[in-house]
Amino acid sequence: MSAPTGITRATLTKDLRLEWRSKDALNSMLFFALLVVVVFSFSFDPNAEESRVIAGGLVWVAFLFAAVVALNQTWARELRNQVLDAYRVSPAPANALFLAKAIGNFLFVVVLEAVMTPLFIVFYKLHALGPAWQLFPVAVLGTWAIVVNGTFFAAMSLRTRSREIMLPLLLFPITIPALLSMVEATTTILVGDPSTSAKFWIVLLATYDVVFTTGSLALFETVLHAE
Amino acid sequence: MTDANTVRAHADPIITVANLVKQFGRFAALRGVNASFEAARFYAILGDNGAGKTTMLRVLAGLVRPTRGEVSILGHRHPRKACREFGYMAHPSLLYDEMSGMENLRYFGQLYGIADDARCSSSITAVGLDPSLERPVGQYSQGMRQRMSLARALLHDPKILLLDEPFSNVDIHSAREMVKLLAGMRDGGKTILVVTHQASLLDGAADEFVWMQTGQIIHRTRDRAFMETA
Amino acid sequence: MKKAFPILGLLTAVLLSYALYEALVVAPQEQTMGDVQRIFYYHVPSAWTAFLLFAINFLASVLYLVRRNPQTDRIANWVVMALAVLTCTGGYVFRSALPKDVYPSSVATTGIAIAGLYFLIRKYFSEQGTDILALTTAEVGVVFCTVVLVTGPLWARPVWGIWWTWDLRLTSTLVLWLIYVSYLVLRRFSSSGETPVLAAALAVFGALDVPLVYFSIWFFRTQHPQPVIGGGGSIDPRMLHVLLINWLAFLCFAFLVCWSRYRLERIQRDVEETQALEALLEPGGQVR
């Protein structure tokens, strides 16, 4: 019996290798990320004091839009030549595939965020007044929240009409609590108000991640085989 | 070739469908199909477009859930449970265009728990292709691509092969090679179901021709000659 | 069945008129807000009805997913029964841990009600019936939800001078509305074979999201205090009386609409199936 982790690893390595070979998708995504930051900077040009208050929201909205563009091509290679059928007829468990795709997307979006963050810091003269180390769990948990649901809904949208719009349409409502948490946590940390803490938001994000990762793993098999 | 069938003992059916109905909205692709298929036989499934051939094959492969009716493959009520015992191939190649043949088979082998390069190589050689070819599958000719797809379907040495239009747009030489290969596999004990429009290719290789029309099987014969009703 | 409908329709019309009369005339005038407050009798019952409908949608969706496979069906039965027992006993055992205005008896009743609804739906609806029930309750639920979202601001504007505040209940309702509108869009845009399964999966995700939505907005409001629409605190018993009458009227109305929609969908699907299977005379089996 093939180990699910083996399949996840094989799928992930394959995806990373293919992404690396044809760097077009990666390059165009990176450029898109840069563009998003620049456009936002033109639209909102605050001084350092104001920017700390709104940056939390801006950054995460920008990440969300970049993530959606990345998520939309999650299954693009599997759609060509009906490769998904080959997966469906095999004994491989569906959630091994899901996990591989989700992790791949996570790495992809993290790369985008790594490009966008320094630019935001520069354009908005950002400087965290609160405990900056807390930004790390916020970023990791928040990105996973977007990616895990995004990968799931991307799979749901595969055979729908208007596939590209279907993904954000399904994703945005469900991710609202996670978005709120990410934005509030980031703002709290940047503003550094001693009376509040980002801890509640981080815990809520962690809960959100656990709930929806479990839900996605449980339901992905059903969704993949929904004809 | 057909004389051998009279000598062979009547085998138990390993695939049966009973009252199979599949409805897509207002269109019924299958309207009560009843059939059984025996082991180590080569079946050609023929019929016009919309006859339900592809749908039936996809039901057998577990890719489509029937609206009503029952399927049994090697005693399993759900095709998914028998998934190690059959290989599936369709007109799209079910391969990644950006990887070479060997890389493709290595990956799909993982899905079946096969981590052995030698098995992948022998599968590719069996269909008459070169395992060391680095060229990505997307740059293959249609004939080569279908043969590589067959190699993928054969990789885990399944007892049953479900092939949907494997010879479409394939050059005549490759197609004949594939038919010879499949006949050899039938002789080796595999059960083969091929959906095709090109019945003439299977002359002399197929044990039985199954004709479908408007979602039902209308005729089964050892002999390809069949007068179609109006 | 067919005879019951007009009778129920008449009864509902009477009940609705009576409820309206109660709300506009009989109910006492609110101290601070005056007559504007009467929209409360429209706003709150709509919300309760919408939530009930969405709860039924969730149960129907779970049932649909679970019944595809006899094993999961059996397991789910045990899980639901266990949950019912847990809420009954747990409400009393953990009495001290409950929030201030939540009583063990209400926890127990909710648990039993949900389990009861689950088994009722399971008994009286076939596999396809569950899917139609999910569709129906989602559609009617969205309508009632829209009423809540419109009446909320209509109430807020004259009282507080603003159209919208991030009121906990109103914002939660907005998110619920967004989730279910996306549910309806998914149903419309997905290919017919997979629609029931995908929609059911989305409904489950939506249900998982609801508590998270509630908590996130609750904490947001403690950080950024905002006006509360709908007033907290206790309610005058005469107002409660009118509220409940209106809720009963709304429930009857919702039931009638759902029933009609259900029958309509059922007939449509039966016609489709008959047409599909009987088109034997058409060459190629296609029906235009």
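A few comments on the model shown:
We call the chains A, B and C, going by the order they appear; numbering starts again at 1 in every chain.
The working rule: a residue touches a chain if its C-beta (ideal position, glycine included) is under 8 Å from a C-beta of that chain, and two chains touch if they have at least 3 such contacts.
Predicted model, so just to flag it, every value in this text is computed and none were measured.
The touch graph of the protein chains shown is complete. Distance from chain A peaks, on a Cα-centroid basis, for B.
Core chain by CA centroid proximity to the global CA centroid: A. More C-beta pairs in contact connect the chains of A-C than those of the other pair, out of A-C and B-C.
Separation between the centroids of chain A and chain B, computed from CA atoms only, is 40 Å. Centroids of chain A and chain C (each the mean of its C-alpha atoms) stand 31 Å apart.
For the pair chain B and chain C, the distance between C-alpha centroids works out to 48 Å.
Counting partner chains per residue, chain C has residues 193 touching two or more of them. Multi-chain contact residues of chain B (touching two or more other chains) are listed as 64-65.
Shared interface positions of chain A, i.e. residues touching 2 or more other chains, are given as 227.
If you check the complex, the residues on chain C that touch chain B are 192-193, 272-273, 275-277, 279-280, 283-287. Across the interface of their complex, chain A is touched by residues 65, 68, 175, 178-179, 181-182, 185-186, 189-191, 193-194, 197-198, 201-202, 204-206, 208-209, 212-213, 215-217, 219-220, 223 of chain C.
Note for the complex: chain B touches chain C at residues 21, 23-29, 31, 48-50, 64-65, 214-215. Chain A makes touch with chain C in their complex at residues 149, 152, 156, 159-162, 166, 169-170, 172-174, 176-178, 180-181, 184, 196, 200-201, 204, 207-208, 211-212, 215, 219, 222-223, 226-227.
Interface residues of chain A facing chain B in the complex, by the touch rule stated above, are 1-2, 6-7, 10-11, 14, 18, 21-22, 77, 80-83, 85-92, 225, 227.
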